[in-house]
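Two complexes follow with chain A in common, the first pairing it with chain B and the second with chain C.
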Partner chain A sequence: MAKLPTPQELVANRPAFPAEAWLETKPKFVPGSYCYPAKKETMEALHMPHPHEWDPAADDWQLPENWEKILCDAFEDRLKKHRSLKLFMDICVRCGACADKCQFFLGTNDPKNMPVLRAELLRSLYRRDYSMLGKILGKKIGARSWDYQTVKELFFYAYQCTECRRCSLFCPYGIDTAEITAIVRELLHEVGLGLHWIMDPVKNCSYTGNHLGIKPHSYVEIVEMLADDCEDIVGVRPKTPFNERGHEILFICPSGDVFADPGIYTFMGYLILFNELDLDYTLSTYASEGGNFGSFVSFNMAKKLNAKMYEEAQRLGCKWILGGECGHMWRVINQYMDTYNGPTPSNMTTPVSPYTGTVFKNAASTKMVHIAEFEADLIRHNKLKLDPSRNDDLICTWHDSCNPARGMGLLDEPRYVLKHVVNHFYEMPENTIREQTFCCGAGSGLNTEEIMELRMRSGMPRGNALRYVQQKYGVNRMACCCAIDRATLPPLADYWAPGVTISGLTELVANALVCKGEHKRTVNLRQEDLPHLDEEEPEGNEGE
Partner chain B sequence: MQSTEFFFGVRDMVLEEWVNAIFNTYPFQTTGFLRTSKDPFANPVADMTREAASTVYEAVSGWDKKPSEVRQAIDRFIHLRAVQDFLPSQAMLVFYLLKPILRKHVMPAMQKAGKLKDYLDAESRLDTIVLLGFDMYTKSREVVAQNRINEIKNQHAQLVRWAQRVGGAPQLDEGQS
Partner chain C sequence: MLNSLLVVALVAIIAWLGAAIGLGSLFGVVLPYVAIVVFLGGVVWRMVWWAKSPVPFAIPTTGGQEKSLDFIKQAQWDCPDTTLGVVKRMFLEVFLFRSLFRNVNAEIKQDDPVNGGPRLIYYSSKWLWVFALLFHYCFFIVFFRHFRFFVDPVPGCVSFMEMIDGFLQIGAPRFYLTGGLLLVAVLFLIGRRLVNPRVRYISLTQDYFPLFLILGIVVSGIAMRYFLKTDITQVKAFVMGLVHFNPISADGIDPIFFVHVCLVSTLLIYFPFSKLTHMAGIFFSPTRNLPCNTRRVRHVNPWNPPKDFLTYPEYEDLYREAMAGANLPLDKPLEAETKQKSGE
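Right after this comes the complex of A and B.
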């Protein structure tokens, strides 16, 4: 009689992973665990090295013949260029403090997703070539040479890191694994390995200014359409100034806010707020993208895509730039922009709020102010008339998006704003917010649908904390100030905490904002009925 | 002695063995971490596993548990297994890992006390729970598939709406714009 396996036998094929041979265990490229490769034409159009067709699941990745030399040389070059990289290669003491801090490790339970081992993949190569012991003892001290499998492994794990930097918060030496991941991605690009989901937006940005490659006239028309919606809801049509010279402020936001649900409600919020303030600003069809997928490719690509911000501020003669609710855009601005594209054009000056006189000294060098800072300052000076009860159907929590929160320390401003525009607010558990926030699990260009399954496990720690406040306090809305989050959190919430919806901050501000000349507001920006509609009108809220 | 008492006398021991058997379905290096930290947010996998295991154990033992309570307790755990790198059989078989442990620690005593039928009833309850879990597993997979579709739609939502406005694309049904 044929013998059926027992449950124990069915599970017995779990990967054997003996400590001493971890370098030998290779990743399996099964659908759902890797992203689609960039198209050859895209890479050609961007003049990337060695454009070629390839399939991550295939044995042969069609690397150039001298790929080993290319990679060794590129690695050496990066080590010379970035002293931080050399330092990170040398100083890790493998204390393990970072090991269990990564959401990819927590969700996949794959040891190579421990930040220390993720970095070790590159370090093992470094050891062979740059340490005396490595040259002599090789594998015994965890050194190894480049081989085809190594390249595949680097690819696999460099795209299972969202560059969120949670691990670096816990490292006693401040080793930034995100930066190591960024360099690994750069190296892989030298032999023509990149992702479709990243390179396509990069190409579109290079040619038309925004991720989807929407041409200027269509971009304007879509914004007009959203302004029409605002008029239906508020009763006042907001202005939509485009490419106008001589305004004080240039406004730049992620294009996801213009094209994608639910980001558009945040964009409508910007329009309504600026109109109410009669802000002296313009939008631009050239700088029509705050997001910068170049920052997921290489430092040079990030620099190139970011340049349009200052170029446009100069062309239009704007004094400073107000930036919308994007995540990685602020990482680039806060950490790299000065070096990439600075100094600022001579027409630009340190931002000063035209309503409160507040000088944003923190933005003295970049001349860019985050909308949450701008709004918090307005509210602090009582410049906005707000009726938070219009958001009474919402029980909110706040997701700290990695880049604004950990990357630039924007922790209290959005909370301050949120607490003034909603009446019900609850924090998620302490070790999942603020600096310790858990990533959405799909940042840094991993927000693509083919790895939805992977995203559901890497986003699990965030989903788990959300579910906790949903059950404890009835939270039904998670707000955040990142466009990638507004795209990635809805499926995550659907999976881990169904019933919770996602929005930006400014959407909630505009819901609560009492505008001059508005008609009786009956719906919110999503065109859903406002709460308390059937109750007595609170006095004096109307049309002043 | 009531049947449930046979189960409760060895509860902690059985649960510990079972939970460890579940942790052992993960790579070796991970198992230690899963065992040590108890914080529900710093170590969510262990927390979900323990939550599921203890309720399932109580239900199997014959405590009064509604299907909704069991579902609630295994919900996170099933959602997790459904998106981890497992075959469907591997994702679900962790429940059956309880059986040999029960047969070792509970069955002999019950058999001796002439309560073998009660013991077999308990095992059948486990079978029912696995079926409940299988429904949830399937649902989870469907949500993942549906989310892929939703996401593609959402990304271009306004573009599609705009295209319809300018007449370049077929109109969707009324009210679906």
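Right after this comes the complex of A and C.
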């Protein structure tokens, strides 16, 4: 990987707008500007159209001979299937309100990263085929024909968008670039263009149940190891039920939590919490993936990967599903799952917390509850004994992940939990949090090493906001509820705000959670010394 | 940009010349009828074209806290979960441009003292919102005031609106505030497209065209009323003729009137085939017009394809031995399988 420029250089060397109009400029495919293409075998295994080897930097992308017809037909098909697409092609007035809302634009100053122009890349093609004037006047009114360069351009910019929907919040008509990007990606897949970093996890998930391709026995092994660690830290070994029938709850989290630092601490947090609650639940090696890289490919692929959840809940006879901390997983669950794979199996019922009796009416149909909702409800009803001082070494801030924020509205539940498990909490500036949050800059399958500089650029708004609270309040921990964040934010923090570490919410909950039968806790889940250890035990001197 | 200006100027000149050589009935009678038919038919056609495609997924943009637990306060306006809530959200969106109101301007400061390096700073930026509101409301009021020409006797609400609009009591005929403000707002919208480098870069011919068209309409209207002082009684008689499908002779009416009518007709004809359909489109926008209750109520996709995925039995077939090795419960035990095989 090429050496990264310093943050100052990175900001200073953003190029000015080109002199030519945007219809005249073409992207340059130089290493670092694009992600590696999907392998032919992977695409074949998934029965994707036109699997082939190709190189984005090459002139010839080896498209099928009739690629233009394939793309035109696919576009027409998508227009017929999605009212949103027709509408978003028609009603944009190019007011420019979305322009500086996009982190890719802010970080690169590439005009085609303004959401309006990103959509205009497709709109220009729409104009030629679906408007009278476009046919006659062509380029004069921003209409153009499909050509090889256009396909390349669509590819370039469809993978410089994380589908975070920040622009859609500011658009006076709610034009959602995520929808446009998702459809452009679908179109490109029709001629065999996809990313390795997306398609490999999709293939894994199709065949092993999770993105990382962890086979059932390895999955069990890893979880047992994490349970051993929990025992060392807490003094109680949490239960690890797998694929068991007859439990009330099926728990599904992103597989990144089982596998990757710092997600594993969040997973340990789940285990410790569930054990303390004596939760009637099971894990599944089959439905061992909450995340859904299929949603970065096509609607149908998302449906395919998502189908395992209800299938497994039905087989195991679970009443409802508890979902772990993951961003795009929750976009799919909250807005797509029920439509894709519902109605739910007959054994499932509206989720009820076994401890508080709270009926999660907001999940009455999908029957899936977010762990932050579940935890917030427990804390509200005093069902957890918490000692937030165990997190006193942490000065926290909260990163709203784009999908739970703008595709779900999960904003205050995690904050409620966080404020009860840590003593030091500071918000980042108001234009960078809650529904206006900036994403990590590498979601939607862009969390790959080869585009690290681009990721640091798109991560600039988040990085700057983090840096701000780090400098101002001494923040040293950014918590979030997204597995992609837990993978992408550590390098982002190292670059923009060195010294800040990243964690999930439940890791912090489990640090603070006083468990029945625990030994004297000396280390946190990361096996780092707890704060206040060298202080004398108060022994009631303090007078509570 | 210049193209748009030229086209608008050309339309105006043609109308002027046409009226001057006695083609008033073409520009004053035929064209308005055609324009209204095209406008109404076109907008309906556009809406039908949108409506023909289904809304496969419920994708509202959640603009705030969702409805969840009792003690978590829902953002009722920006993340509504009921139909009434959606109506409220749409009301804010349509009448007050809620989303545009959020607008901020992001600027990078290279050496920020707090960050000790670059920092993005967000400045409140409500100008676009202010002028967009001003533009649309003034346009609406001006349009509404014109009913004094279409209806006889003039309805009370129109007269009332005229009274309010002319409250400054300047000049004769009295100066209507909205006319002036509309001119200012249009000039702002044009100016911002020319001055703001980002907006300039994204602007197309069809962004300037309606602005210049409306500018032409406003200017010709103002000229007619305040400067050329066109005979209003004569104009009203002529318009009433149109309204009653009994057109009268256009003789004697100042050509500026036909310029005005021709530009309005052009706008009406252009409307359904352009971005101006955002007026109807906003109501169709699935990120705004759907309730944020997607876990509570199932949204049905009419083209939902059949399920196609690796089922659990297939999965177990793939990994049965490994699963048995890891003591995972099996639906079809390993022994049964081996027995079956040896039995065959």
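What we mean here is this: the second predicted complex is superposed on the first by the 517 of 544 C-alpha atoms of A that agree within 3 Å, B and C clash if a C-alpha of one lies under 4 Å from a C-alpha of the other, contacts with A are read in each partner's own complex, and residues count from 1 in each chain.
Criterion: a contact is a pair of C-beta atoms (placed from the backbone, for glycine too) under 8 Å apart; a residue touches a chain by one contact, two chains touch by 3 or more.
What you are looking at is a predicted structure, and each value in this text was computed from that prediction instead of being measured.
Enquirer: Following superposition onto chain A, is the placement of chain B relative to chain C best described as a clash or a fit?
Expert: clash
Enquirer: Applying the touch criterion given at the start, work out whether A:Pro429 contacts chain B, chain C, both or neither, answering first, second, both or neither.
Expert: both
Enquirer: Applying the touch criterion given at the start, work out whether A:Pro491 contacts chain B, chain C, both or neither, answering first, second, both or neither.
Expert: First partner only.
Enquirer: Regarding the shared-chain residue A:Phe259, is it in contact with chain B (first), chain C (second), both, or neither?
Expert: first
Enquirer: Mind working out whether A:Leu106 is in touch with chain B, chain C, both or neither, as first, second, both or neither?
Expert: In the superposed model, A:Leu106 contacts both chain B and chain C.
Enquirer: Based on the superposed arrangement, let me know which partner A:Arg83 touches: chain B (first), chain C (second), both, or neither?
Expert: Touch partner of A:Arg83: chain C, not chain B.
Enquirer: For A:Gln8, decide between first (touching chain B), second (touching chain C), both and neither.
Expert: Both: A:Gln8 reaches chain B and chain C.
Enquirer: Touch test for A:Pro31: chain B only (first), chain C only (second), both, or neither?
Expert: neither
Enquirer: Have a look at where A:Ala465 lands relative to chain B and chain C in the superposition and call it first, second, both or neither.
Expert: both
Enquirer: Applying the touch criterion given at the start, work out whether A:Ile214 contacts chain B, chain C, both or neither, answering first, second, both or neither.
Expert: first
Enquirer: Between 1-9, 37-45 or 109-117, which chain B stretch has C-alpha clashes with chain C?
Expert: Among 1-9, 37-45 or 109-117, only one stretch of chain B overlaps chain C, namely 37-45.
Enquirer: Touching chain B in one complex and chain C in the other: list those residues of chain A.
Expert: Residues 7-8, 11, 17, 22, 99-100, 106, 111, 114, 221, 429, 431-432, 460-461, 464-465, 467-468, which sit in both footprints.
Enquirer: In their complex, what parts of chain B are in touch with chain A?
Expert: 24-30, 33-34, 37, 39-45, 48, 76, 79-80, 83-85, 89-90, 93-94, 96-97, 99-100, 140, 143-144, 146-148, 150-152, 154-159, 161-162, 165-166
Enquirer: Show which residues of chain C lie in contact with chain A when the two form their complex.
Expert: Of all residues in chain C, those touching chain A are 3, 46, 49-69, 71-73, 75, 78-79, 81, 93, 97, 99-100, 102-106, 108, 110-111, 114-120, 122, 128, 132, 196-199, 201-207, 273, 275, 277-278, 281-282, 284-288, 292-301, 303-305, 307-312, 315-316, 318-319, 322-323, 325-329, 331.
Enquirer: In the complex, go through chain A and note every residue touching chain C.
Expert: 7-8, 11-12, 17, 21-22, 79-87, 90-97, 99-101, 106, 111, 114, 116-117, 120, 131-133, 137, 140-142, 165, 168-176, 179, 206-209, 215-217, 220-221, 242-245, 285-286, 299-300, 303-305, 307-308, 311-312, 315, 333-336, 338-343, 358, 360-366, 368, 373, 376-377, 380, 405-413, 416, 429, 431-432, 434-436, 460-461, 464-465, 467-468, 471-472
Enquirer: Give the list of chain A residues in touch with chain B in this complex.
Expert: Residues of chain A touching chain B: 7-8, 10-11, 14-19, 22, 30, 33, 99-100, 105-111, 114, 212, 214, 218, 221-222, 225-226, 258-262, 264, 429, 431-432, 449-450, 452-454, 456-457, 460-461, 464-465, 467-468, 487, 490-491, 494-496, 498.
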